[in-house]
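Chain nomenclature is as follows: A, B, C and D, assigned in order of appearance, with residue numbering initiated at 1 for each chain independently.
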């Protein structure tokens, strides 16, 4: 059976060059960077190099603006809470887009319990932030605006340069979560006008166990991980040296290969979506069409009348790895808040899977997926009472309404006795 | 030149078996454990095994009581803040020993800024916690007691079983930071009566990038790292799978080899201290004598009339890696709060270095260190105005008072115009 | 990777991959369709009942792997049972027969129980003469 | 590990490992001993002064590597200077000559400046006739 990995947004394999770079730091150069002897100093040098590589990926001025955390989640937590706590006296108001990752949303909710307030700015049906609403949301008490570069669920590329301009006008620091873009799309902290930017190497062929937070020297931030004075006092704890070193190499390679990676994935993305929509009726792409407004790696698909987990499991049994709903919360039952925010019908949000491309995927892989996925849809629709009811005219399609029957959601509410949403 | 690594408390090299276990999880089994497909499920299985290995090391009932964090610092932060936030309604008081690691102390200080109060229980000159004072410190508002198993600076083994008994009587959960003991001394969560226990594999030949928090099912704790629902909702963020797997193997080996490791290091510890005190005058061991009250890996030494960093650098130039002051904060200028808490004279706290033994050290290593360190002391005393002034009877020794001259601290205060402490 | 890793145990996976009794009973004597508001799953069970016994049971399910497996297993289990026996059917039987479900998925088995009961109720509604007997939970002889 | 990694740059390490002018000037004309309350370092500089010039300078230091290197370098730099020149001596010279110090260690060079000035003051105290001239910051001719 062919194996096709189409879940690069969840994680990527470490490149051989990255692994080779990490290797000496497990058994030989195992020192703690806080140590003042040979063993510590050697790894300190290596970490400095990694910082430079990270800085280069996002066009930061200096490696001193790079802080290492344990992952993307911690970077988001540090950006949100670290800035909020540092600026408490200035104000206790935050502005975020409604489709930020849970690591941002939940950090904000945590602060709300501690007396902060937050405005969530709405997005349009393709996930693009409402700039007028954003502008209006910023008050003199606002200490941070958070808008991600690319949405992890639906691949929308946000108009960050415009967001940055608004923040500069209002003189409020901007945090841009670039976890879903870094390594796959140019990130330029200066062009963005970003005070903070986060990303994590395991998303572009680097190791797990390290996250990056860029912080412009002018932005005030305090530590949220208390203890020693590592990372200039902004992140206590023994640094994960091998992962930092490997992450640096992954960043360097990503920067070099970026044009090729973008072209390669964009071609496959188009081939995949074209194939699927030709092959399968009542399928919808969530987020913008492939092109300048969508990251080249992501397809978020709603296939009507069938549910997502079944699609995922049957894909898996066909050797195809995909994600269901929000890739980070697939253990939970709830549908993605992103799909809620773009106003997607509940019926479609449930039949939702995410396919994300990588540099190792081939055109043959894509053709295999198109065919296999077509069969999977047929199988699941064969089992689905909804498909049957649609065919019998009891319920209607949301994607291509035929004007007969009631809506899926209405039907679901009728039989469960409660509204589906 | 001989190379002797005597800084095992800062970090240890990864064992070959540990590295071999980690290897497949970088390039082959690179999945995200949240993924529902093959790649995710495979690593989920591997993480479960690691949890069992961690549970076995500390005699926990079930792997479900094991949570993974990014390091020892995060485990401390989670234990302190996670329990405090979870029990806010019950009370806002904490009790900790005065010699806890900065990751505990600073977490407590952070909470104090948010309205919690904390009682710091004093220790005796050898670092042993005052049990009567501890008992008296617990109030109906106390939601957590934190007393570490072994002190990271001076090697004192705390009477945790008695501490646990007091906490059980008062019905307050106990958190035991076992970072400096796990892998080197039996840790038994049941015997301790501990609600929470933390440790981190990089201290016993496992990798950096993973910390462990044991939590008894009855203890209430909330997440401090917000985002996805990883680790049962208690720690968001993509898990560092290779480090978790490697850490599990390191725990398994540590459990198996523990008797040998203890015997080996205890023998060398005695040889080293005997050699040093024979060879060098005016040298003091901080913390208890080698024996049942001191961990077998640590020697904390104050050599009078000379300063610590110089000792460390000259050791390094002789191939000997040692730590200066608190191994985790050696980048800062301040002397260890632990040495302050045991009431060590400021002059001695400055001339402080820590030698920590590991399974790779040999008797020959130790003999080399005894000789080399003797020469280093002679060299630095030759440069020291204090040694000269001691010899001329201007100042006296703290370690072996001769009854002539003023104290070092008095002299230092006289010439700097300010009190030294 | 040599082994196959699965989200559910082998029995569940088998019932998901090769569902038993999938489809609709022709000229069904009772049909139940229920939905779970929390997760959005929808399950439909149709029954052929003869001489007070479930002669055939079929399902259609819009839902996750364990929902499909639960309905497959439920229909397997109830075939041949009397109506009263079926009325006492509990989701735990499904869970046990499947060799367990993850805690967050137990509700799938509950949905299967509900769909079955809805189908039985539909049948009883069409046969009001049986209601009294069934409520006494005695075997129903027709 | 093939390379040697050092906490300080080569110049600092060299002055730490092979300090110049370590010891006490015999029959010193001026002695200064100062301490830094923050870090506890103690530095002592003794001077031999002849014809208004520093003929010899020696140090003893209780302190970290950069404190030792700073005193070594400071004594090197001031030898041969006039008293007035030495009075204008600034820690920055030490930092520059050492090729830089880590930010947290700059105070070590300050301590060296202070020790030198204390020694000079000691000398001036013993030679009150020089005070007026020195305060004018003019070259002191004796």
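Points to keep in mind about this one:
Criterion: a residue touches a chain if its C-beta (ideal position, glycine included) is under 8 Å from a C-beta of that chain, and two chains touch if they have at least 3 such contacts.
Being a predicted model, the structure only gives us computed values, none of them experimental.
By the document's definition of touch, common neighbours of chain A and chain D comprise B. If you compare A-C with B-C, the chain pair joined by more contacting C-beta pairs is A-C. For the pair chain B and chain D, the distance between C-alpha centroids works out to 39 Å. For the pair chain B and chain C, the distance between mean C-alpha positions equals 57 Å. Taking each chain's centre as the average of its CA atoms, chain A and chain B sit 36 Å apart. Within chain A, contacts with two or more other chains are made by residues 28, 36, 38, 309, 313, 331-332.
Residues of chain D in contact with two or more other chains: 7. Per the contact rule defined earlier, chains pair up in contact as A-B, A-C, A-D, B-C, B-D.
Residue ranges of chain C in contact with chain B, taken from their complex: 1, 3-7. Within the complex formed with chain B, the residues of chain D that make contact are 7, 16-17, 19, 22, 24, 33-44, 60-65, 67-68, 104.
Of all residues in chain B, those touching chain D in their complex are 305-310, 313-314, 317, 331-333, 335, 346-347, 350, 382-386, 388, 412-413, 415-420. Of all residues in chain A, only 5, 7, 10-14, 16, 19, 22, 26-28, 30-32, 34-40, 69-74, 76-77, 101-103, 106-107, 109-110, 114, 200, 202, 207-211, 225-230, 236-243, 309, 312-313, 315-316, 321-324, 327-332 touch chain B in the complex they form. Put simply, chain B touches chain C in their complex at residues 28-29, 36, 38, 41-42, 44-45.
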